[in-house]
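You will see two complexes here that share chain A, one where it goes with chain B and one where it goes with chain C.
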Partner chain A sequence: MDDMTSSSRAGWITGITVTVVLFILPIFLGQLGKTGEYWIWVCTEMIIMALFAMSLNLILGFGGMVSFGHAAFFGVGAYTVALLMKKADFPLYLALAAAPLVAAIAAAIVGWFCVRLLGLYFSILTLAFGQLLYMIVFQWYTFTGGDDGLHGVPRPEILGPVNYYWLCLILFVICFLIIRMIVNSSFGLSIKTIRENMERAKFIGINVRRYQLLNFIIAGAFAGLAGGMLCELNRFAQTEFLHWSKSAEPILASLVGGMYSLAGPAIGSSVLIFLKIFLQQVHRSMVEVWAIVLGVLLLVVVLFAPQGLVGLYQNIFKKSQS
Partner chain B sequence: MSEAILSIENLSKSFEGNQVFNNISFLVEPGELSAIIGPNGAGKTTLFNLITGALVPDEGKIIFEGRNIVGMEPFDIVRLGMARAFQRTNIFPRMTVLENIVITIITRLKGNLGFVKHWNSSDRIRKKAFEILESVGLADKASHQSGTLAHGNQKRLDIGVALALEPKLLLLDEPVAGMSPEERWETVELVKELWNRMKITMVYIEHDMDIVFGISQKVRVLCYKTLLAEGPPHEISANQQVIEAYLGEEV
Partner chain C sequence: MTWQLFVFMLINGLCQGMLLFIIASGLSLVFGVLRVINFAHGSLYMIGAFLAYSLSTILAGESLMGFLILLMIVPPAIAIIGFVLEVSLFRRVYRQEHLLQLLLTYALVLILDDLVRVIWGGEPRSVTRPDLLAGSVNIFGMALPSYNVFILIVGPLIAFGLWFLLYRTRTGNIIRAAVSYPDTLGALGVNVSWVMTSTFMLGCWLAGFGGVLTAGLSNIDLGMGMQTIIECFAVVVIGGLGSVGGALLGSLIIGTGLTFFQLPFGRWALVFPYALMALVLVVRPWGFFGKPER
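And now, the complex of A and B:
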């Protein structure tokens, strides 16, 4: 019991430290002129994509199901914000509140079908639904702008780059705490129980499909919020947000960061984005070798650190203690 | 005669044309500790799968406490008060021993939709969980990852999970399979003690005839797609049909 409280205290200290550093980070970056402004933008994107990765990990790491269609809900959130703000003159805070709700409804419809299937079949169906939504957005030119996307999403004047960064950080911290609460709750334990042994879960009286669907909807809602936040950052929504390749990003992030930990996917996502941009900054031609770098990185992780960066850290930490 | 807790009526099942059961019927009395025996492939586990809803019979009824449960989902049947422990250890390996028991209690109490409180925040549930771990001898291993336990302990945990459902009827599929001789008798003593103390109706499948004839009040023999014989141990061990079909010369 003592061990548990001390490790949770360490978690709180780490969390608060990281949050404080992230809060004051833009003040320093602001001193660096144009480069600083660029990095504030990058950091905002990192925070948003970290939330996206964490949302997927509710299904992937905690639920034990691989969804190849998670970007659909990310995209639905982005288009919700773009459409509400551009066409219905919604204020940002209402549009950002609507994004997870609309995404949750989409996830409820898609999930209702998908949780009926297991393993690879579940994955393929999520992929199919994701691409279906992608095609709808792509083709419905009058409503979604087709492959042009929706540009010129308004930005409230008080939200300069730094203020928007802080808004995203606050939303991220709130979502992190909510996800943490869900994962540690009775519901979270039920989801882990289903992951560990679905057949046995039925025989202790768990209605497996119902909890898988609920989890799918919750994950979709957080993805929708992340999508809405990215839409406002870029001030546009585009079809690429729903594309299956966007679904792969949080999966890779979870693999690299460690899918059996809470913060792992967020860390993995940030590391990948940082590496990609860093390589770009080193030399423009490095953009072309990014796929190779990513491939090698994944190979190393899968072979030598299957629990991801968080698992690696824990192993080293444990060894140094004993 | 008291009302049967479980009544199997004219049950038939076949897989792709191969008949496993042809018209089986029997009654399980409340409070009995009984064994099901039979040669490999006689369909003992299939029978448990039919009773617990994992499989649906082709024909026949399964009446549990006066209610036909054919076609119900396994998790609904569990909620009526029927639990099972499995032949192959069937636990939640990357969860602690305590988590295995607590989630079962939470599910019995319909608490799965709690989103706010930590799963381990209820003193009442934790106390109950430790009572169960105490009774299966695993209290000192509560914080161990259950998948790392020794085989015998995993089987005890499996039984503990079933007990946490506070069942009226408990089905045990070869509770001592794969155990060392000492572990076997320890587990048999455990099962018998639980049965004495908790007054749960227990039906178990077992191959070890010393155990079967040692502790059962009643033995049922599955063979030739049907219930070959049913009765107290001394009758079964003297039954000419059973000896020819299954027990062989040595008994």
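And now, the complex of A and C:
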């Protein structure tokens, strides 16, 4: 017990330190002129993708459900923001509030079918629904702009790059705390029980499908918010946001970071994005071979460190979670 | 719709379906024995197509002989790539959880697709059809592209060959036994890991074969692997994971469906495979010919 409180206090201290550093960061980056502005943009994207990865990990790491269609809800969120702001002149805060709601509705419909299936079949059905949504967005030119996407999403004047970074950071911290609360709640414990032993969870009276569906919806909502935030950052929404290869990104991030921890996916996602940008800065030709680097990295993690970075850290410092 | 148009579309649809079957049957076969869904199957198919393109420029493959050489060289080359992948990578994850297996094959997609981009570049390419298959043949007073007719002949031959191999030879008995009772098979003195390797090679051979045929049919580009692997998933899910007969049925449904729906729905026909795949998974997750499991 004593050990637990001290480790949770250490967690709080780390968390607050990291948050403070992230808050101050753009002030320093702002001094660097053009490159600084670029890095502020990169950091904003990192924060958004970290939220996307954490949203997936609710079902992947904590729920043990491998979804290959999570990008669908990310994309739905992005298109919600783009459509509401461009076609209905909604203000940003309302559009950003609507994104998780619409994504949650989509997740509720898709999830209602998906949670009926187990294991591999669940994965393939999420993939099928994800691609179905992708195809609909791709083909519906008059509404979604088809493969051109929706460009020129308006940006409120007070939100320069730095202010938008701060907005994303605040949203991220709030979401992180909510997700942390969910994971540590009795609901979160039930979800983990289902992952570990579904039969037993049923036996002790957990309504497995309902819990999984609820978890799926919550994860979809956070993904939708992340999608909406990225849409506003880039000021466009494109079909690629819904493609199944986009669904793979948070899975890779979770794997690299470590999927049985809260912050692992966020760390993994940031590390991957940083690595990509860094290699591009080192040499332009690295853009071409980035997928190869990522693939090899992934192979190494799968074969030698399936617990990810957080697992490695815990192994090295002999800190056992159980 | 006149009956000529109907027959024309039917032939085109069946042709697409047959091509899809050749690729998807490999995916299904590999899943049946190895229990791994191989995302990289589409990439191997794409490499087959691009290899065919490169070889055809060397062979100046306008003669039928040149094209047959492609069909004899490229699929075994892909099978050899498959051998290397199976022995060096796949073998290590058979006892791991599904997620790690999927991610391993996905890592291969990233690597192989990017290698194709680095080696062959981004622009679309095509293989010139041999003279004999470039024209058209008259059937029922209609001019049908002879290459499509060629695929319509080759497809069933492959299907028959697979059926014969699986159900009429000792090798086939062993492969089917490896699907149902791998442990017993091992206890009987059969080298199961060799069975797995050779099945994987056979699957890759089929992917390569499909790649060569596609290179002659239409333009090949970097997106073809990603697109085809999802269509193959649809086929395999509809027919039943691991069932080759199911893959035949699934690919014919998808192939003809895609063609026929194009008439009333235009480009929206492309939604059809995914909608059908989702529907089948919801109603009958194990597909038409699969068995419910676990």
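Please note the rule applied: the second predicted complex is superposed on the first by the 318 of 322 C-alpha atoms of A that agree within 3 Å, B and C clash if a C-alpha of one lies under 4 Å from a C-alpha of the other, contacts with A are read in each partner's own complex, and residues count from 1 in each chain.
By our rule, contacts are C-beta pairs under 8 Å (C-beta built on N, C-alpha and C of every residue); 3 or more make two chains touch, one makes a residue touch a chain.
Everything quoted here is computed from the prediction, not taken from an experiment.
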A:Arg200 in the overlay: touching chain B, chain C, both, or neither? Say first, second, both or neither. first
Quick one: is A:Gly69 in contact with chain B, with chain C, with both, or with neither? Answer first, second, both or neither. neither
Can A:Lys192 be said to touch chain B (first), chain C (second), both, or neither? first
Is A:Leu298 touching the first partner chain B, the second partner chain C, both, or neither of them? second
After superposing on the shared chain, does chain C or chain B touch more chain A residues? C
Contact-wise, after the overlay, does A:Met181 reach chain B, chain C, both or neither (first, second, both, neither)? first
Chain A residues where the chain B and chain C footprints coincide none
Contact set on chain A toward chain C in their complex: 60, 66, 68, 113, 116-121, 123-125, 127-129, 131-132, 135-136, 139, 244-245, 248, 251-252, 255, 288-292, 294-296, 298-299, 302-303, 306
Can you name the residues of chain C that touch chain A in the complex? 37, 89, 92-93, 96, 98-100, 102-104, 106-111, 113-115, 117-118, 226, 230, 233-234, 237, 241, 267-268, 270-271, 274-275, 277-278, 281-282, 285, 294
Quick check on the complex: what are the chain A residues that touch chain B? 181-182, 184-190, 192-193, 196-197, 199-208, 211
Complex contacts: residues of chain B adjacent to chain A: 52, 54, 73-75, 78-79, 83-84, 86, 90-95, 99, 102-104, 106-108, 111-119, 161, 164-165
